[in-house]
Amino acid sequence: MEVHQDRHTHASMSPARIETLADGVFAIAMTLLAFNLAVPIIDPSKAVADLPGELEKLLPNFALYAISFVVLGVYWVAHHAQFRVIDAADRTFLWINIVFIMLVAFVPFSTSLISRYWYVPIAVQVYGIVLLLIGGAMYLHLSYAVKDHRLIPATTPDELIRLARRRILVGPVVCSVAILVAFVSPFVSIVLYALLPPFYIVPGALDRLVFLREARV
Amino acid sequence: MEVHQDRHTHASMSPARIETLADGVFAIAMTLLAFNLAVPIIDPSKAVADLPGELEKLLPNFALYAISFVVLGVYWVAHHAQFRVIDAADRTFLWINIVFIMLVAFVPFSTSLISRYWYVPIAVQVYGIVLLLIGGAMYLHLSYAVKDHRLIPATTPDELIRLARRRILVGPVVCSVAILVAFVSPFVSIVLYALLPPFYIVPGALDRLVFLREARV
Amino acid sequence: MEVHQDRHTHASMSPARIETLADGVFAIAMTLLAFNLAVPIIDPSKAVADLPGELEKLLPNFALYAISFVVLGVYWVAHHAQFRVIDAADRTFLWINIVFIMLVAFVPFSTSLISRYWYVPIAVQVYGIVLLLIGGAMYLHLSYAVKDHRLIPATTPDELIRLARRRILVGPVVCSVAILVAFVSPFVSIVLYALLPPFYIVPGALDRLVFLREARV
Amino acid sequence: MEVHQDRHTHASMSPARIETLADGVFAIAMTLLAFNLAVPIIDPSKAVADLPGELEKLLPNFALYAISFVVLGVYWVAHHAQFRVIDAADRTFLWINIVFIMLVAFVPFSTSLISRYWYVPIAVQVYGIVLLLIGGAMYLHLSYAVKDHRLIPATTPDELIRLARRRILVGPVVCSVAILVAFVSPFVSIVLYALLPPFYIVPGALDRLVFLREARV
């Protein structure tokens, strides 16, 4: 710790509890996504005959549940990844995190909205705006931490930061396109959201660099 | 840590935060199970007379709450047990975990469904399919981690891994049978689900081996 | 750790993750208590005039919220206190904990029930039975851990264990009385539940002993 | 630990699990705030035309969500900050914390209430009373911990404590004014609540002092 005090003159907080709070909000938001799925209400005498059809109608909702869950997973992994490098925190950084989790906590609502009104442009756009803002908060989060190596070790290679920045921007760019596309076709817009996670999940240049860097340590 | 870097060339993440997120989702999913139990709504003037009967009608729901809670407990213990051996993580492993907790977060919905439509084959089958997929994710989780001792210490005995594998498979096998049985009798199918936890709870050969191994350390 | 392996031959699990899961369930169950409080629905044009009266009607619900919250607080503190002595865990102990948190997760339901039907004996009794079972699980939890110093250090004084046992039993005894009293007067029964927390909150002989013991260390 | 035993003769508990429970309740309360936002129900055939207008009607609810989230963020940061100095805990302190989180868990209800009845004085006042009580609990929390350096290191400068005390009092003072103002204008009262977070977020004299103190260590 003494070593950090020396280096991070603005840092006066531990990043550990921020991670705990963020993990809590992620866990709850993820679980509440499924809680929004309502069990269909059918007359008991017709349930055996009608339930299969009613569940089939829920298939788009299940798909949107999975998309939102995996998108939140992507952001959780990204947050996780940033904190592997960030080793200090200050009050401004704390508030960037609180705004970030405020947007994360909003995802169950926007998922509910898009699940019910997947054919309505504004619903699909609200969903995209929330994701766009989350991506923006992630970018700000990184930018603030790395500025002059404020909250990261002096030894972090610039190449790693540059790649991380570029990587984060993909989300907001795709969401911006999807928001515009929704005016024409809400369905194509949803497909774009669904393509986001695969892009992030496939291990990329960034991971190789992280590995190389750690191998060198 | 340096020791691990040497060994796990693909590993670049800490397993600790995965456990935190998973524990959070387990805790919430477990608590929401009970939240799905709706208090019966009765006319206040008749409540003294009618409430006992209304609560009696909820007895199957209470039983299904207990079954789901204990089944989630079984999987939590299994997840816990795997992480006692796994000492590293990489991006693929992270995503296996995210899919795993996505399925766990789905259990309150499938429990709600089976509680309301315990006499409908498809409801009992959806419940079983979710458990089957959770078991499958657990198996994949283990297989990925142990492959070439990717995320486990080189000293982990093969016997332990072989027993763990066999143990995990019991769940999916029982669920597969229960899913088929539900076509004929949803009730027998539910009894099969209820038998799963006792099987796992009774300490078995695996625990003895873990104990032996640790005693040797 | 090696020291424990020597001592606790049955213990093969870490108590830390049990505490994490239990803390999660306690936190959620506590927060959901308040979530059960429904905002009164009034015609907007009459809200200014009628809301004060509607909120007044909720006062008993607020009181029952506070009682349940504080009772859960008591059990959380007790669980916390036991884990300050317990330093190992095995599979049976894990399952006692899972049953314990299953009962804790049930408290929002029983609180909802008693909030709506505080004048109905069976509702007041169900509330008491849940608390009785939680107390029983706590007692079993302690008894299992201390038997032959299974999961506690050999140096734990018997006097401490004897006092802890006696202290835990007060809850189930008071609840048993309250359950019987509810046949005659549900209101008196609720007063008895409300008296439980003050009994536990006042620091007693046990704390003094814990302090003495630690002072000696 | 032995060092603390020496110093804090009343302290017999670890502050770590208190923080875990509090973080859990904060995370859940924050996420449930958004869960209270109900997706508008519109006839599917009119959704494309009517959804924009319906979402516009929700704008005050979104604003109140953001205010409550940020206010909870303020209190979480304050709680966090106190625990950076507090290094011990006793039973009384534990109970101050339980009352504190009981009030925090109440915020989703009071936010729901003010969201629906933002034009009704009593709703705006209940919201303020909850915040006032949370601020009071924070003040008690600090006062109890610092009294005779009960739960803080002997080296903590008095200047730091004095500034922290003054800082905490701002919340209750603003809330008291807002509660009175609500009799005349609920809207102005809400504006006052919205002004609270900016006051706390701007780094102040306290942070500079914390920094100086740590720089000296």
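When the chains are written out, they are named A, B, C and D in that same order, and each has its own residue count from 1.
As a convention for this text, a contact is a pair of C-beta atoms (placed from the backbone, for glycine too) under 8 Å apart; a residue touches a chain by one contact, two chains touch by 3 or more.
Everything numeric in this text was worked out from a predicted model, so none of it was measured.
Student: If I average the CA coordinates per chain, which chain comes out farthest from subunit B?
Tutor: So the farthest one, by centre of C-alpha atoms, is D.
Student: Determine whether subunit A and subunit B, two copies of the same sequence, contact each other through the same residue numbers or different ones, counting it as same when over half of the numbers at the interface appear on both sides.
Tutor: different
Student: Between subunit C and subunit D, what is the separation of their C-alpha centroids in Å?
Tutor: Between these chains, centre-to-centre, one finds 25 Å.
Student: I'd like to verify one number: the distance from the centre of subunit A to the centre of subunit C, where each centre is the average of its C-alpha atoms, in whole angstrom.
Tutor: 36
Student: Residues of subunit D that touch two or more other chains: which are they?
Tutor: 20, 23-24, 27-28, 32
Student: Please name which positions on subunit D make contact with subunit A in the complex.
Tutor: Going by the criterion above, the answer is residues 19-20, 23-24, 26-28, 30-35, 37, 39, 42, 47-48, 51-52, 55, 65-66, 69-70, 73, 76-77, 80-81, 84, 201, 203, 207, 210-211, 214-215, 217.
Student: For a test of understanding, state which residues of subunit B touch subunit A in their complex under the given definition.
Tutor: Residues in contact with subunit A: 2, 5, 9-10, 12-14, 17, 20-21, 24-25, 27-29, 32, 91-92, 94-95, 98, 101-102, 105-106, 108-109, 112-113, 116-117, 119-123, 126.
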